[in-house]
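Take a look at this one; I'll ask things after.
For clarity, chains are labelled A, B, C and D in written order, and residue numbers in each chain start from 1.
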Amino acid sequence: QDNVRVALVVKALGIGFFEAAAKGAEEAAAELGNVEVIYTGPTDTTAEGQIEVINALIAQKVDAIAISANDTDALVPALKRAMQRGITVISWDSGVAPEGRQLHLNPSSNPLIGNMIIKLAADHLPDGGQVALLSATTTSTNQNIWMEEMNKVMGNYPGVEVVATVYGDDLADKSYREATGLMQSYPDLDAIIAPTSVGIVAAAQAVVDAGKVGQVNVTGLGLPSEMAGAIESGASQSFAIWNPIDLGYSATMLAYELSQNGIEAAPGAEIPMGRMGTLTLDEKNEGAMADPFVYDSSNIDAFKSIF
Amino acid sequence: MPQSATPVQTPVVSMDAITKTFPGVTALDQVKLDLYPGQVTALVGENGAGKSTTVKVLTGIYQPNGGTIRIDGTPIAFGNPNAASDAGITAIHQETVLFDELCVAENIFIGHAPRNKLGLIDTREMHRAAQVLLDEIGAPFSTHAQLRDLGIANKHLVAIARALSVDARVVIMDEPTAALSHKEIEELYTLVETLKAQGKAILFISHKFDEIFRIADRYTVFRDGAFVGDGLIADIDENALVKMMVGRAVDQIFPTRTPNLGEDVLQVVGYDHPTEFADINFTLKRGEILGFYGLVGAGRSEFMQSLFGITRPSKGACKINGKIRIIRSPADAVANGIVYVPEDRGKQGAVIGLPIFQNITLPSLKRTSRSGFLQLAEEFKLAREYAQRLDLRAASLDQDVGNLSGGNQQKVVIAKWLATQPQVIILDEPTKGIDIGSKAAVHEFMTELASQGLSVIMVSSEIPEVIGMSDRVIVMRDGRIAAELSGDDLRPETLVRHAADITTAPKRQEA
Amino acid sequence: MSDTAAQTRHIPDRLNSRAFRILRSWETLLLGVAIAIFVINTFTSPYFLNAWNLSDATFNFTEKAMIAFAMALLIISGEIDLSVASIIALASTAMGLAVQYGAGTPELVLIGLGVGLLCGAFNAVFVTILGLPSIVVTIGTMSLFRGISYIILGDNAFRGYPDSFAWFGQGYLYWVFTVEMLFFVVIAIFYGVLLHKTNFGRAVYAIGNNPTAALFSGIRVQRVKFILFLLTGLMSGVAAICLTSRLGSTRPSIATGMELEVVTMVVLGGINILGGSGSIPGVVIAAFVMGLVTFGLGLLNVPGIVMSIFIGLLLIGVIALPRLWSMFTARRAS
Amino acid sequence: MLSRLFPARETILASAIMLLLVIVASRFHGFVAPSNLANVFNDTAPLIILALGQTVVILTRCIDLSVAANLALTGMATAMINVALPGLPIPVIIAIAVMLGAIMGAINGVLVWKLAIPPIVVTLGTMTIFRGIIFLISDGKWVNSHEMSAAFTGFPRAAFLGLPVLSWTAIATVIIFAIMMARTPLGRSIFAVGGNPHAAVYTGINVGKTQFFAFVISGALAGLTGYLWVARYAVAYVDIAGGFELEVVAACVIGGISIAGGAGSVGGAVLGAIFLGVVKNALPVVNISPFWQLAISGSAILIAVAFNARAGRAKGRIILKTTEANS
C-alpha cells in the first residue's frame, strides 16, 4: 500500500514559523509511519499562487491538504474542487471559509489571542497610553480576526488607546518603514503591537534604530528564535506565540484522521491529534489547539534555539 | 576654375582591390581609389554604386572583406573609426551624424575631447578649441548652444567643424552640399580651397556635375560597386563622365511635351500655419505640372504635408473640383485624391519590413478587400499591375522593400499612390540624391502622368529641373509665396532672386 | 496572365513555397518545444496524462492568454500596456462594489467589460492624443488603477457574488472542457482573424514597422492604436470576469504581477517586442508552453519561483539560440 | 531663448518637492524637522542609488527590469556569506556585493550587446531567473537579524557626521555620477549612444559596448544596494524589494529621464527618487490612509510624463519672420 500523502500548504515558503510547522508535520508523519508530507506553497503570499499549488496537488491525487490560507474566500472554489475529487481538506493557522474546508484548526482560540496581544501591551502601561497595530497584509484572515477580538475587549483596558493600524504586508522592509512612520506620526507612542512574526521583528529593529528603546515597547506574536535579540536589547518586553511545531503536528494528525480513519468533521466532534490531545469542533467546525504562551527575558533563552 | 593639377606625387591614401559584401549584396567589388595631397578627387557613380560604402571603409566604420588600404605606402587596417582618425582621415558623412542632446562643443569633440590631469574632460579647453574651429569656418553660433536648437544648415557647419577638429591629412566629403543653400555652398567651396592649400587630400562625392567640374582636380568612377576608371578632370568632359558612370549615354534633355491643361482640380485658399507658412493661395489644373521652388527650409515640405493632412493649417480652405474639402489626415487626403511622395524616403516613404505587395496595396486595401477581410489574390494582382508599369526591379512581390535599392523603393512608393488612382500627386524632391540615369526616368514618368490627366506638384531645389519640367513655378521664401512664374519669366536668375530675396540683400555672385 | 510578360519583366508573387515558410517559422520551433515539454511531462509524472488534470492545468494560462492576444496586437503596433493586471484589479473591484448594490450576473459582466474599456480608453488618451510613450504611461496607470482599488477596498474584500456568476471561471461546458477554455478558443480565433485576415491587421503591422510611413500611407495610426488599447482593456475586463468568478472574491491585490507574465507569453510567442512582426498562432503555442511548463513542474511540487527560472531561461533561450546558431555557422563559414 | 526664461525641469520638480513639504509641514510640523528629513532621505537612499544606475541604462535606450532581483540575490548571497563567515570584514562583503551585482549586470549586458536581444526581454528573463536562484541558494529560508553579525547589520546605520552611512553612500554615488556623466568620455558616450546610436557608430563609439557598461554599472549599484538593504532591514528572503524595479523606473521617469534615451540628468533622477520618497513617507504622517499611496505615485508619474513631454516638445522651426517677431 502506498503512503498516505498529506500536503502541508503554507502561506509562503521560507517563513520561519512555517518551517517550524513543517518540522512538526514530519514528526507526526514519523509517528504515523505510513505518511508522506508534501511541504509546499507559493513564494509570495498570494491567493493565486496557492491556487496553482492546489491545482497541482489535486492532479497528484494527494490524500489530504492542510492549508494556511492567504485569503479566506479566494481559495474556496479550488478547495471545493479538491474535496469533490475526494481529497480531505482542512485549514490551520489562517482559515478558509467553512464551505472550502472540512475543519479549521486555530492555533489558539481567537478571543484568547485578541485579549493576549492587548494585554501584553497594557501590562507595561499601568497608566494607559497610546498603542498602534502593525499587521500583516490587509487580507490576512487571522490577523484581522484577532484585531477584531481585541477591539471587543478594549473596554477592559481603560486608558489604552489604539491610535493607528498599519500594514507591513509581512514584508520585513515594508513593516520596518511602517513602524518608523508610526513613531514619527505619534511621538508619544508607547507600544507597537504586531500580531505577526515578520512585523514584530521589523518593528523591534525600527525601534532600536530610532533610539526609542525603553519608550516604545514592541509586542505581539513572534518566534523566540527571531525575537531573542529584541528581548535582549529591551525593544520588546514580552511577546507571545503558540508552538508552531505543535501546530504543524496537529494539522497533520487531523488531516490523517479525517482522511484515513473515516472521522467526520461535524460540530461537537472530538478528533484526536496524537500527543496534543483532542480537538473539539465548534458550530463552525473550528477548534483551538492550545493557549498562547508568553515569552520574556526570564524564559527566552530556553526556547530561542527550538523554534 | 580648377587649379591646374600639380605634378603627380605619390598618393597619401590608396585603396587597392577593396571588397565589401553585405548579406546578399556585394557593395564593393575589388575597387581602387587614390587620394593625392593638395588635390580634390571627385568620386562619382549612380545611387548604390558604393560611394558611401567606400567612405565607411576608409573611416573604419566598415571592415572590408578583402583588399588593402595603404597610407603613404604602408598597408594599414582600421579596426574602428578611432583608428582611422588616428591615421589622419576624417569625414563629413552623407547622413548627419550628430547628437541633438549635446552642445556644439561636445558634438565637435565627442570621442576625442581634451582631458585634464585627472583624466576628466577639460570642458574649458574643449570650448576654447571648438570656438577656434567655428571661427575658422565662420559659423555664427556659440559653442555652448544645444545642437537641437540649430537649423539644418548650422548643423552641417557643426559636422564640418567636427571633421576639421581632427588634425587630418585626408578630408572626405560625402554629398556635403545636398542640404546646403547657395550661401553655404559658396562658403564650403572656399573651405575646400583652403584645405587644398594646406596640402590635404580631399575626397569629394557629389551627384552635381557643375560643382564637380568646378572644384575637383581628379575623378574616380564606380559602377555597381566596381571601379570603372579615373583620371584628371581636365582630361574629360561631362558627357564622357556620365557615360562612364551609367554605362550608356544619357539624354540630359528634359522630355518635351505640350501641356494639355484641363479645368481647375485643386484650389488652395489662404492656408496659414502658426509657425511654418502663411497666406498660401494657388490653383492647379488637370494635367498640369506645377513646380515649387525655394531654398532649403523655405517651408515647401511643411506646406505640402499640411495639404496632405499631416499637419493642420490654422486657417485656410482647400477646394477639390470646386468643392470645399476638409483634410484632417492623410487618409482624408487620399480619399480626396491627393497623394504625397515624401522627401524623406527612408522614414516616410516605404514601410520597411513589409513586403512589396503589401506596401503597394496599403492605401488601396478598401478596394482589394471584401468587407474588411483581406483578399491576397486581389492584392497580388493590383501590386503586379503597378510594379510592372513602373518597371520595378525585384526578385518577388513578397520581398521586403527594405532589400530594394533606394530608387526602387521610390518606385514602390509611387506605385502605391498610383494604385489609388489619385487626381493630384505631390512629389517632394523626387530626384534628390538620385543618380542621373534614374533621374531621367523619373522625369519621363512625370510627363507621362501629366499627359494622362493627373495633376503633378513637384517640389524641387534644382533650378534646371524646376525650369525644365514645370508648366508653372511657385517660388516660396520664408513660408510665403514670393512669386508665381511661368512662360518667359521662368529663368534661373528670376527664380534665385525671388527665392533669396535679392532685392533686399546684397547680390551674391552666381556660380 | 503570361501574355503581358512578353513586354514587361515578370515578378513572381513569392519565391519560397508555403511549406518552406511554415517549416522555417518561429511557430514551428515553438511547437517543437511544446511537444518536447509534453513528452517530458508524460515521463516525469504519472499524473500528467489525465483529462481532468490537463483540464485543470488550462487555468494556469487561459486568463493570461486572453489578454496576451490583445497585447500581441498592441506590441506589434509598437506599443505596450503594463497596466493590464491593474485593470483586472479595478474591474474586479467595480464588480464587487456592484454586488454590494445587488447587481446580478448580466450587470456584473457589463460592468467588468465597461471598466476594462474605460481603463483602455484612459491609457489610449495619454498615448494617442497626448503622444506619450506607452511604457511610461502604463507604468503610471498600473499604479493608479490598482491604487484606486486599494482606496475603495482598503483591507476589505468583496464577496457574495451570485452563484450564476461562478459559471465563467468555474463552469464546465462538456465533460472536461471549461468555459474559460471556450473563451480562450473564441478569443484566439477572433484575434487570429483580426490580425492575419483583415485590413485592420495589415494596418497594425504597417504601424509597427514604421508608424511614420504608415501615417504617410493614409493609415489612421492614432485611431488604430486607440482601438488596440481599447481591445487590451476589454480583454483585461474579460479576464477580470473569469478570474473574479474563479476566485469568488475580490481583493485589491488580485492578479498582481500578471502583466509581466502576459508580456512574457507574448514575447515567447515570437512577437517582436520592438513591434512589426509576430503571429497569433505563436502566442497560442506560447500559452500552452507556459501552461505545460508550470503544470509539469507543479506536479513535481517544484515551487513557483523555480518554475519562473525555467520560464526565464526559455524566454531568453528561444531568442538567443537561433542567433547563437547563426553566429556559429557564420564563423564556421568564414 | 524661450528655454532660458522657463525654469529647467529640475527646478520645477524641486519646487514640487518643496511644495509637498510645505503642505505636509502645515499639517504636521515635525515632518520638516531636520532629523526627520534626514530619516526620509536615508529611507530614500536605496531608491536614489538604483535610480542613478537605471538612469544610465535608460539613457542608452535600454531598460533594466532585473535591478530588484539583482539586489535581492546579492543581498541574500552576502547575508549567507555573513552567516557562514561571520568574521569576514565589511569592506570584503561590500566588494563581493558590488562584484556579484556587476556580474549579473554583465550577463544582461552581454545578451544585449553580443546577441542583440531587446533589453526589456533580457531583463524580464533575468529578473525571474535571479529571483529563482535566490530560492535555490537559500532553499527559500530567511536569514534573520539574529543570524547576522553585528558589524554586518551595523554598517549602513553607523552614523557619521550625523547621517547614517547609507545616506552617505547615496550622496557619494550622486557626486560620482554627476562627475562621471558630465566629465568622462564614458558619460558623454552614454548620452551619445542614447541620443543617436547611428551617429555614435560614426564617431567611433561602440554602441553595444556602451550599453554593456551601462548594465554593469546598474548591476554593480544594485549589488551594493543589495547588501545595504539586507543589512539595514536585517533580513534577507526571496521576495525582498519585490516590484521595486518599477518604482526605480518611475523615479527616473518622474525625474525627466526620457524613456527614448539620450535625454535626462543625474539631478533629475535624484529629484525623482526624492519625490517618491517624500510622498511615501509623508502619507502616514498626514494621516492619509496608506491605501492612497499607490494611486498617488501613479498620478505623479502621469503628471510628470505629461509635463515633461510638453516641456520637451519641439517648438517647431520658426520660419515665419512675423511669428518670430510676435513671440
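Everything below uses one rule, namely that a residue touches a chain if its C-beta (ideal position, glycine included) is under 8 Å from a C-beta of that chain, and two chains touch if they have at least 3 such contacts.
All values reported here derive from a predicted model rather than from experimental measurement.
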{"item": "A-D against C-D, pair bridged by the larger set of C-beta contacts", "value": "C-D"}
{"item": "Chain whose average C-alpha position is farthest from subunit B's own", "value": "A"}
{"item": "Centre distance in Å when subunit A and subunit C are each reduced to the mean of their C-alpha atoms", "value": "38"}
{"item": "Approximate Å spacing (C-alpha centroids) for the pair subunit C, subunit D", "value": "30"}
{"item": "Separation of mean Cα positions, subunit B and subunit A [Å, integer]", "value": "74"}
{"item": "Two or more partner chains touched - positions in subunit D", "value": "135, 140, 238, 291"}
{"item": "Junction residues of subunit A, two or more chains touched", "value": "13, 43, 138, 167"}
{"item": "Per-residue multi-chain contacts in subunit B, two or more chains", "value": "none"}
{"item": "Chain pairs that touch, as defined at the top of this document", "value": "A-C, A-D, B-C, B-D, C-D"}
{"item": "Subunit D residues touching subunit C - in the complex, by the definition given at the top", "value": "63, 111, 115-118, 120-122, 124-129, 131-136, 140, 238, 243, 246, 249-250, 253, 259-260, 289, 291-302, 305-306, 309"}
{"item": "Partner subunit C, residues of subunit B touching it in the complex", "value": "308, 310, 329-331, 333-335, 340, 342, 347-354, 357-359, 362-363, 365-366, 369, 372-374, 380, 384, 387-388, 391-399, 416, 420"}
{"item": "Subunit D-facing residues of subunit B, complex", "value": "59-61, 80-82, 85, 93, 95-102, 106, 110-111, 113, 119-121, 123, 149, 151, 274-278, 297-299, 302, 478-480"}
{"item": "Complex contact set, residues of subunit D against subunit A", "value": "28, 30-31, 36, 39, 43, 135, 138-142, 144-146, 157, 229, 233-235, 237-242, 280-281, 284-285, 287, 290-291"}
{"item": "Contacting residues of subunit C [partner subunit D, same complex]", "value": "126, 130-133, 135-137, 139-148, 150-151, 153-154, 252, 257, 260, 263-264, 267, 273-274, 303, 305-309, 311-313, 315-316, 319-320, 323-324"}
